[in-house]
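Each chain carries a letter (A, B, C and D) given by its place in the written order, and its residues are counted from 1.
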């Protein structure tokens, strides 16, 4: 890691909390107009301001990092998602990925067990995903012709049915935007299944290892104890005039 | 573990069986009115009494444990579910989690194999979950407008289709309560898939290990045998005047 | 294992092939009337005879084994499925579990790799399950009121959609028998997912182990080589008058 | 491996890139008429030529390899898929399996991590599968009676819903060809779930191993260090007149 990357990282450490805060504000500004459709015009203005301010903040952050980086082509390559989030208006909700940073911090605070931390992280991400996904699909589907998702409750139920890969088919998106959201939820669902299964499997393997302590695999400590015995032999021979090197 | 926690645990050991018995009674009092809708008023009274008595028993148990515990804030934190089950009437069916204690005992009696015990536990929990979930969804959906689950058979079929994440969509809940039950079933289904896969995977890994005994990982016994050889060397040198410490 | 069990096992070894043959005949007698509904009465008679003969063969096999066993209570306990298959007429298709013995033999012939053998076994079982399950559901649903599975093609498609837990809901069983078949297919589907995932996971773990040969876990051979070195030390000391025991 | 097989392999190495190029051309010739239904007759002719030329190329490749191989029965056995792709016209899309070779090369270029390479391979295969599967199902269903998949967007959405095993049932194939494509997608979906879960599980196991470095299993390096110590003992005894063999 050279000085160049270090400069970018100092900026990122400094900008981490402000950007997460702005992302949270954006979450509110994104959610409220979708959830409460009948708001006075004055508040509409407020949400517009937050949406534009958050866009400006993310764009500024990207530009600052780009200017600090010396290898600019490599930087653009590594941060494609950040660029896309700024440039493509439809992908604005992806700005909320920032909020995952909060979930990450939360999961780190829960203790030392990897499984516990993954549990907190997965639960947090799932709650965020279900909430944001439901908002996005509701926004896309509510007024579409032939759509069947018309309330936040229905959107949330659809999200859950999709992420769990149950898929009753009582609700489903009919618009392109809604289906893109659905595709994201399905991929998240497959990943969720993978993480849950993997957690259970590793818990299993650990338990089995504990149970048959007799036939358990040799640990580094076993080897260390064996090493100590051989060291004693060396010391012994040393004492009787057979000196080591 | 201090004296304080020990006192709570002595109470819990004492109250374990009575509470499980009361939970079983509650299961009957919960199931019968839902399954047999046309009962004489006298029996209705009986189910009300059992429901209230079980509530009183769980509330008393919680209060006794709270009064025995000295670190009360910590106690309340650790036993959030117990408090919720007592305070929120809608979550009464969660009292049946107690019956899982029976399943747990059953699974412990089946032998020493971890996989066998997990198998019994998972099967028992699944049967209980399908039964209670079907009752809960039938209770919520039966008289709802636009609902399609109207008999216990349909409710049970819906439960199975949901837990297995198949989700035909021939039956699905339309009420908020029914959908909350559905959410619980989906989460249980994902966990079930995880446990089954993990069981098979660990069985596989064990089998593979057995098969290639040649290239198997070094066990503690191998290390112990090696250690014995070095010990012999020590003893040998000792015999010839090169005394150990 | 005592003489008693040995006697039962000798019988089982002798009866293995005839019973598998009868099960295959029963498969034909079960499949043909469902697949080709318009057959002359003479053939109907033939299928009845095969069905009854196979029942008699399985009943006789069970009785012989019961009479050979000395610990009869233990025998009945261990062979509950065999008894159920004979006594309950509705569970006749379970007799086809016998055909799995053929699949098992086939899988053993394919080579030494555990994963390859499991692959053949899973594929074979799945083909058999899809075929028999489609027959059973078609038999149950074809003439039921409000049913939607009316041809073998539709039944096979439904089986596949169910086992893979996709569950479109274009076809679904409406009778109790059909739903019991469906329940079996779902459980098989969950098991299938588990086996496939476990196979891939163990393949992965093996590959990873191969790749990082540097940091791989110590094998028994490593330990054996180490042991040989210590043995040499013993021999050396022995040559110079420091005799072992 | 004998000379015979070496000759076949030299041919395969030579023919690899031309055949992959022809498969890509075939992909275009397969996709364009399905995606853009209203083309002038002159282009139709072009697609026919490409389709026939690719068939001829694959048939020629098969015949050359067959003639080069000395053990022809063994060759036919090992290359059943190649024969089927040439002989059965309906399975033409399977020729696109060739394009997977490109994905494979791409995945090898991404680096040394097995998990990263599997990730690239799975993503590439999935994109190809979703694209080709959507084309195949659209081709089969578009003009069928009672079908509900009528545009490429709908076909792609159906493919995604199927591969993820969600299965809403808003779209589903009704023709035999369409259902065969669906069966392939389901099997791919089950495999996908397996690979994702396995990747996460092995990542987990690796992480856990890193975390508890204290109790980690003994590595070959540990054993090597132990061996070095014993070697020193040998050298020491050698220096003092106790010569090794």
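One rule holds in what follows: contacts are C-beta pairs under 8 Å (C-beta built on N, C-alpha and C of every residue); 3 or more make two chains touch, one makes a residue touch a chain.
Predicted model only: the values in this text are computed from it and were never measured.
Trainee: Could you name all chains that are in contact with chain B and with chain D at the same time?
Mentor: Expected: A, C.
Trainee: Based on the averaged CA atom positions, which chain is farthest from chain C?
Mentor: Following the centroid criterion, the farthest chain would be A.
Trainee: Which of the two pairs, B-C or A-C, is linked by more C-beta contacts?
Mentor: Result of the comparison of B-C and A-C: B-C.
Trainee: Mind checking the rotation angle between the two copies, chain A and chain D? C-alpha superposition, nearest 5 degrees is fine.
Mentor: 90
Trainee: Chain B to chain C: how many Å between their CA centres?
Mentor: 29
Trainee: Taking the mean of the CA coordinates per chain, how far is chain A from chain C in Å?
Mentor: Chain A and chain C have C-alpha centres separated by 41 Å.
Trainee: Name the residues of chain A that each touch 2 or more other chains.
Mentor: Residues 165-169, 193, 197, 199, 201, 205, 217-219, 222-223, 226, 230, 233, 237.
Trainee: Quick one: label the inter-chain contact graph as line, ring, star, complete or other.
Mentor: Its topology is that of a complete graph.
Trainee: Over in the complex, which chain A residues touch chain B? Could you list them?
Mentor: Residue positions touching the partner: 153, 157, 160-161, 164-170, 192-193, 196-197, 199-201, 203-205, 207-208, 211, 213-219, 222-223, 225-226, 229-230, 232-233, 236-237, 239-240.
Trainee: Inside the complex, what are the residues of chain A that reach chain D?
Mentor: Interface residues on chain A, with respect to chain D: 112, 114, 118, 162, 165-169, 172, 174, 176, 179, 182-183, 186-187, 189-191, 193-195, 197-199, 201-202, 205-206, 217-223, 226-227, 230-231, 233-234, 237, 242, 244.
Trainee: Any idea which chain B residues touch chain D in the complex?
Mentor: My answer: residues 165-169, 197, 201, 217-218, 223.
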